[in-house]
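Going by the order they are written in, the chains are A, B, C and D; count residues from 1 in each one.
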Amino acid sequence: MATVLYFARLGEQLKTSSEELSLDEMGTVGKLVDHLQDRGEPWSSEFESGRILVAINQEMSDFDSAISDSDEIAFFPPVTGG
Amino acid sequence: MATVLYFARLGEQLKTSSEELSLDEMGTVGKLVDHLQDRGEPWSSEFESGRILVAINQEMSDFDSAISDSDEIAFFPPVTGG
Amino acid sequence: MSKISVQEQDFDVSRELRAICNGRTDIGATVSFVGLVRDMNLDDSVAGMTLQHYPGMTDKALQKIVSEASQRWEVQDATLIHRVGELRPADQIVLVCIASSHRHDAFEACSFIMDYLKTRAPFWKKEQLKDGSSRWVDARESDGHAAGRWEK
Amino acid sequence: MSKISVQEQDFDVSRELRAICNGRTDIGATVSFVGLVRDMNLDDSVAGMTLQHYPGMTDKALQKIVSEASQRWEVQDATLIHRVGELRPADQIVLVCIASSHRHDAFEACSFIMDYLKTRAPFWKKEQLKDGSSRWVDARESDGHAAGRWEK
C-alpha cells in the first residue's frame, strides 16, 4: 500500500490529508492522478489545474515519475514559505 | 589659508597629517600637487604613484578640481574600510 | 557544518551569528536574511497567518538547498531556520545566515537559498484577514522567475 | 530614516534590526551584512588592526552611499555602522542592515552599499602582524571592479 498525502489548500478541498492506496497497475504519478480524478468532484477539478506539485518519498518529482506500493506520494499546491 | 590633510600611509610617509597653506596661484588640485612635489623627497615620490586620492571639503574630487584658500583639501591612499 | 531547523519558536539573529562565528577567526563576512510577516497583502489587512509544512520533507528540502548553495559558492557555514505554526504581523518567519571569506559569495548564496526556498521547500501560508476570513496565499509568479535566474 | 554611525564600540545585529522594525508591520525583509576581522591576510598571521578614518568626511560619505542606494532600490530603512580604532581577529568591523518590502531590493541595496563603501568611504586599515611588525592594508583591485559593476 502506498501512502498518499494532500497538503494545504488541496487537503482542505479534498477533505483528506492522507490515505493508504493500493497502486495496482498505476505505475506512474500520472496514472495515479487519473485514478484520483475518476472519483469525480472535487478530485476531478482539483487535479485539473495543472498546478499541483508532487513529491515521491519527500523528493520533488513530476507526473512522469514511477511509483510503487512502498512509496510515500505527496500532492500539494505551489509552495509559499519564506 | 587652505587646510591640507594627509591620511594613513601618506601621512606617515610625509611625517605630517595637516598643514595650513596659502594657495596663491595654485587654482587646482594638480597645481597644489606640483607645489608639494617641488618640496623634494618624500613628497616627490609619494605623489608620483598616481594612486593618491583627493577630497575637497569632504567630497571626493579629482586633480582637475578647482580649489581656493577657504577649502579643506585632503590627500589619502585608496580606502580600505569595510 | 550547516544548521537547519524547522520550529515554532522565534529566533535571534545575533545568537545565530555568534553560534556560526563562535571561536572562529577565519570568517570575513556574514550575510543574514530575515523574512517577516506584513500586515498587508493584496490590499487586505492581515491579522495573522498559519504556516503549514510537510514535516517529513522540509528538513530534507532545506538541506538540499543549502548543499546546492555550498557547491556553487564558497560557504564557510550556513544557518537556515524556518518557523511554522501561528504567526502575527512583524513576526520573523525565516532566517538564512551565510558565513564566507568573500562578501559576494555570502550575498549570492543567501539570495539563492531564499529564491529556491520560495519555490521548492514545502511550506504553505494561510492568512487570517482582519474581516475574520482566511485564505491560502497564492504562489507568486515572480518567485518562479527569481528561482529561474539561477539556472544555467 | 536611516541611521549612520562611526564608532569605537561594538554593535549588536539583533538590536539594530529591532530598532529598524520597532513597531512597524510593513517590512517584509531585512538583509544584514557584517564584516569581520580575520586572523590571516596575504599569508600572514594578523594579531589585530587599527582603523583610521577622516572624521569630517566619513559621516557624509556614508550618508551619500546610503542615499544613492535608496534612490536605486526600494529601501524602507537602513542602518550603517562602521567601527574605528583598535580591533582584534573575529571583531565586527561594519554593519549594513536594509529593510524593504522586496527581498531582492534588500539584497541589492546592501551589496551595493558594501561595494561603494569599500572604494569611497575614507577608512584605512593598518594591520599588526604576529611577528610584531605592522603594515597598511593595500586596496584590492577586486573591490574597484565590484564597485564598477554598479555603474550604468
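Convention: contacts are C-beta pairs under 8 Å (C-beta built on N, C-alpha and C of every residue); 3 or more make two chains touch, one makes a residue touch a chain.
Bear in mind the structure is a predicted one, so any value in this text is a computation, not a measurement.
Note on connectivity: the fewest chain-to-chain touch steps from subunit A to subunit C number 1.
Centre-to-centre spacing of subunit C and subunit D amounts to 23 Å, using the average Cα coordinate of each chain. Each chain gets one centre point, the mean of its Cα atoms, and the points for subunit B and subunit C are 48 Å apart. Centroids built from CA atoms put subunit B at 72 Å from subunit A. Contacts with at least two other chains are made by residues 35, 114 of subunit C.
Working note: touching chain pairs come out as A-C, B-D, C-D. Within the complex, the subunit D residues that touch subunit C are 12-15, 17, 21, 24-40, 89-90, 101, 103-104, 106-107, 110-111, 114, 146. The touching residues of subunit D, when paired with subunit B in their complex, are 35, 51-54, 56-57, 60-61, 82, 93-94, 114, 117-126, 136-139. Listed in rising order, the residues of subunit B touching subunit D in the complex are 5, 7-9, 12, 55, 58-60, 72, 74, 76-82.
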